[in-house]
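Please find the structures below.
Look at the two complexes coming up: chain A is in both, with chain B in one and chain C in the other.
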Partner chain A sequence: MPQKNVKDIEKEDVLKGPIRAGEIDFGFRKEIAASPGGEKLRHCYQCGTCTSDCPIARFSDSYRPREIIRMAQLGLKKRVLSSNTLWLCAACYTCTDRCPQDVEVASVIRILRNLAVKGKLIPSPFKELGKNIVETGTAYRIPELRLKKRAKTGLPPLPKSNIKAIEKLAEATGFSQMIKQSD
Partner chain B sequence: MSLREVTPHFNIELIDLHETSCCGGPVRSINTKAATYLSIRNLALAEKSGLKNLLVPCNECHFMLCEVSHRIQLNQQLHNEVETLLREENLQYPTTVKIWHTIDLFHDLITPEKIRLRVKRPLKGLTFAAHPGCQIIRPSEIGRVDHPEKPRKLETLIKALGAEAKDYPEKLDCCGAALLYSHKEAALSLAGSKLKSLQEQGFQALVDTCPYCHIMYDAKQKEAVSTVGGKSMIPVVYYTQILGRALDIPSEKLGLHLNQTFTTEDVEF
Partner chain C sequence: MTEEKQNPDQKFLLFLGCAIPYRETSYEISTRKVLQGLGIELVEMPEYNCCGLPLDPVNHEMMLLLAARNLCLAEKEKLNVIALCPGCAGTLRKVNKKLKENKELREKINEQLKKTGLEFRGTIEVKHLLQMLAEDVTLEKIKAAITKPLSSFRVAEHSGCHVTRPAGEIGFDNSEDPEVFKSLIEATGSRYVEYTDKTACCGAPIAGVDDRIPLALSREKLANIKEMGGELLVTVCPFCHMMFDTNQPRIERIFNEDFKIPVLHYPQLLGLAMGFSEEELALNELRVSPSKITSKIS
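Then we have the complex of A and B:
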């Protein structure tokens, strides 16, 4: 996923438009409810507290957590999973904490993101972060120069990760496969 | 750096944990399972070390460790899966290690009273804005270090140094770090609008504790402020840096010279 600005994302957005009966996936909400954090999806009564408290919704004309939750409830799987706005959540958990129905809004969005990349190309920034984790143990590659700078301050060297263990773990969770896919 | 300098003053010894990795937070959106294992593995390594307490200064890492433990406790199947994977590395499911963050370490364990007694150079006449950050106060369900709507601990800690800490409307606003690598502009707008408002309100500096927030407010400040049409800069410092100055630790030892937004011309700590 190349770097896009918020306005471009809004232009391309696929959330809007009339709903066709054929696009409804009735098992979708069960799929979400089966993942940790998605259990209370059906409790949402669309009050809009999540959207009105969302710091991203303040800047964006189209990112509306309430809408995403409704689409998920209705089973509009394709639409919600291909929406670019899904990737705008900053995970501040304001929505989750303030929801009067205890819907874990941010967690539902995380589950939707997991489903959105299943069997598909993963957005490139995430691929890079993933690769870094599996190859070095940390999400960001720390440049040699910075490590030298660190040593000069008198700080002890960074503890080494156990790469073998991380690789094994990545293999067992399907994570290696995800980040190995070619662009 | 500053955390390592100040803790010995309160009889706390920090021991680096080895073989650990990223908490998985940054890749949680694409593979929650992998992120869950990464987090719980780190916690299991802490348990294996025999130490009873784990200090996690980063809000996201702290959140990940707490949230993942919370989820696993609620889900027997996940619990079994995790245990099997940990066993392969001869690790046990962690049950006793206590997770600390900079804010509750200083507020709940060390206490502001004790800090006040140790202060050698009170930071009189300085007014700070406190930024606790999102994931350290929310979601409250998993147990966070401060109140989700009225976090006051960081302010209390600042006041213990003789400085002022005033409330401001944007206190609970997110720094946007989680979006920095995928949606840079959105992330910078979030950080920038808070910084711009803080300048207008006349704060001497913004005080944070989380390294991820610190990247947004300090290293990315110039970009962030210009994204929202602002110009001037506001110093951003870690709590442990101002605490260190109040304890009369030289600023180089606290890494104040490494902050991008801090100059001694702006603020005399």
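Then we have the complex of A and C:
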């Protein structure tokens, strides 16, 4: 799972190396295509527009969306899902807007991330955000001091979230389980 | 679905999200001031929760439900929503569109929402602040409200990705060659500065995973702005603002460069041109001192 240490991610090589027939999962393409946003995965013809226009790829030695898309097409499920580089996408949607084949590249990466954490620990930055949301309604815990300062500057009080309702939704999606497991 | 006209007057629900009340209250303070001055009434959004975007990478369904819940709350208030954060605006706008258009998904989501006593019906609209200013307030009205044109300012924009992208789902302005922000900046009398890669991402969303790349991206944008003679940068996103303002001293240190480019929230720029004081617009909360700019205002 991603650490705040980019050197580890940059050195990563799980995506590299020769492909062995035994590691191909022929159902992987279908699995992705069945998720909303993944429908057009098969249409990718590897032009490389996504990688060349990706702001993150420009500053990373390892993050290449075109490569991730290709490996997903080939069914290299284990490699793709265990790659830390997946977590470098900034979801800026430049690739999605510019793909000549209408592949929703950013959404495919989101699908891969969702699959990567299915039934597993969630990466620590997301775990914290997730816990905050389920426990307080917002992604960050807003300190008491801030709330007092709001009142002083004449801002209206922050509306209180309905924690009970959020808990119910987190139960329904299995999300509460995902943040419990990673404790 | 039928589109009910529910905004007869200029009244909107304000979706504040999480990052603004947490770290960027100057954006909220200046927005409220300016919108009040433009005759827009804001209603606080009751019981709102995070838009859902931060959880999309790990649980798409949870994102959908959190967004849908907010949309249902707005439907109950019978008011259209404006969000100041492009992440919130984009998420709520996209999910609203998806749920209105996709019956199967709507039924699936409503099945879950029922457990909390809510139902998505598809009766409201969501816009980012920029879109609302351009479409509901209109440029003419903004121009008419300017009392102190900022004609000596050379201003660059960074709008943040989700104001226009993904284009197919957001459907606002032109994501490759945007014009709306430019026209809003020019309305204040400022001189608009074009620069290389102005629509490029600042990298903020991955700062929690790896901050080296976002810092390098933001440095490059600051350097491009400086090269074109930009004296001031305006943003309309709390995360972009943190990258360019809060992190600017750090960027200068790491890359051994000198920028000192003040980064204002757009409502702060507009507010100055409307004659509000620096204090009313919370300019003192900025990390990079805007004094070299504000001293130009007579």
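To be clear about the criterion, the second predicted complex is superposed on the first by the 177 of 183 C-alpha atoms of A that agree within 3 Å, B and C clash if a C-alpha of one lies under 4 Å from a C-alpha of the other, contacts with A are read in each partner's own complex, and residues count from 1 in each chain.
The rule we apply is simple: a residue touches a chain if its C-beta (ideal position, glycine included) is under 8 Å from a C-beta of that chain, and two chains touch if they have at least 3 such contacts.
Note that the coordinates shown come from a computational prediction; the quantities given were computed from them, not determined experimentally.
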Query raised in the report: Given the superposition on chain A, are chain B and chain C in a clash or a fit?
Result: clash
Query raised in the report: Just chain B (first), just chain C (second), both, or neither: which does A:G38 touch?
Result: neither
Report task. Based on the superposed arrangement, let me know which partner A:P125 touches: chain B (first), chain C (second), both, or neither? Result -> both
Query raised in the report: Touching A:G75 in the superposition: chain B (first), chain C (second), both, neither?
Result: neither
Query raised in the report: Where does A:V117 make contact in the superposed view: on chain B (first), on chain C (second), on both, or on neither?
Result: both
Query raised in the report: Is A:T96 in contact with chain B, with chain C, with both, or with neither (first, second, both, neither)?
Result: both
Report task. Examine A:I142 and indicate which partner it touches, taking first as chain B and second as chain C; both and neither are also allowed. Result -> second
**Report entry** Doubly contacted chain A residues - partners chain C and chain B
**Finding:** 4-6, 9, 35-36, 55-56, 59-60, 87-94, 96-97, 104, 106, 110-111, 113-114, 117, 122-123, 125-126, 129-130, 133, 137-139, 153, 155-156, 159-162, 165-166, 168-170, 172-175, 178
Query raised in the report: Hey, which residues of chain C end up touching chain A in the complex?
Result: 16-19, 21-23, 25, 28-29, 32, 44-50, 54-62, 65-66, 69, 105, 112-113, 115-118, 161-162, 165-168, 175-176, 200-201, 203-206, 208-214, 216-217, 282
Report task. Spell out the residues on chain A that touch chain B in their complex, using ranges where they run on. Result -> 1, 3-6, 9, 35-37, 55-56, 59-60, 87-94, 96-97, 102, 104, 106, 110-111, 113-114, 117, 122-123, 125-126, 128-130, 132-133, 137-139, 153, 155-156, 159-162, 165-166, 168-170, 172-175, 178
Query raised in the report: Okay, in this complex, where on chain B does chain A touch?
Result: 1, 4, 16-22, 24-34, 37-38, 41, 71, 74-75, 78, 85, 88-89, 134-135, 138-141, 148, 172-174, 176-179, 181-187, 189-190, 255, 258
Requested in this report: State the interface residues of chain A toward chain C in the complex, per the touch definition above.
Outcome: 2, 4-6, 9, 35-36, 55-56, 58-60, 87-94, 96-97, 104, 106, 110-111, 113-114, 117, 122-123, 125-126, 129-130, 133, 137-140, 142, 146, 149-150, 153, 155-156, 158-162, 164-166, 168-170, 172-175, 178
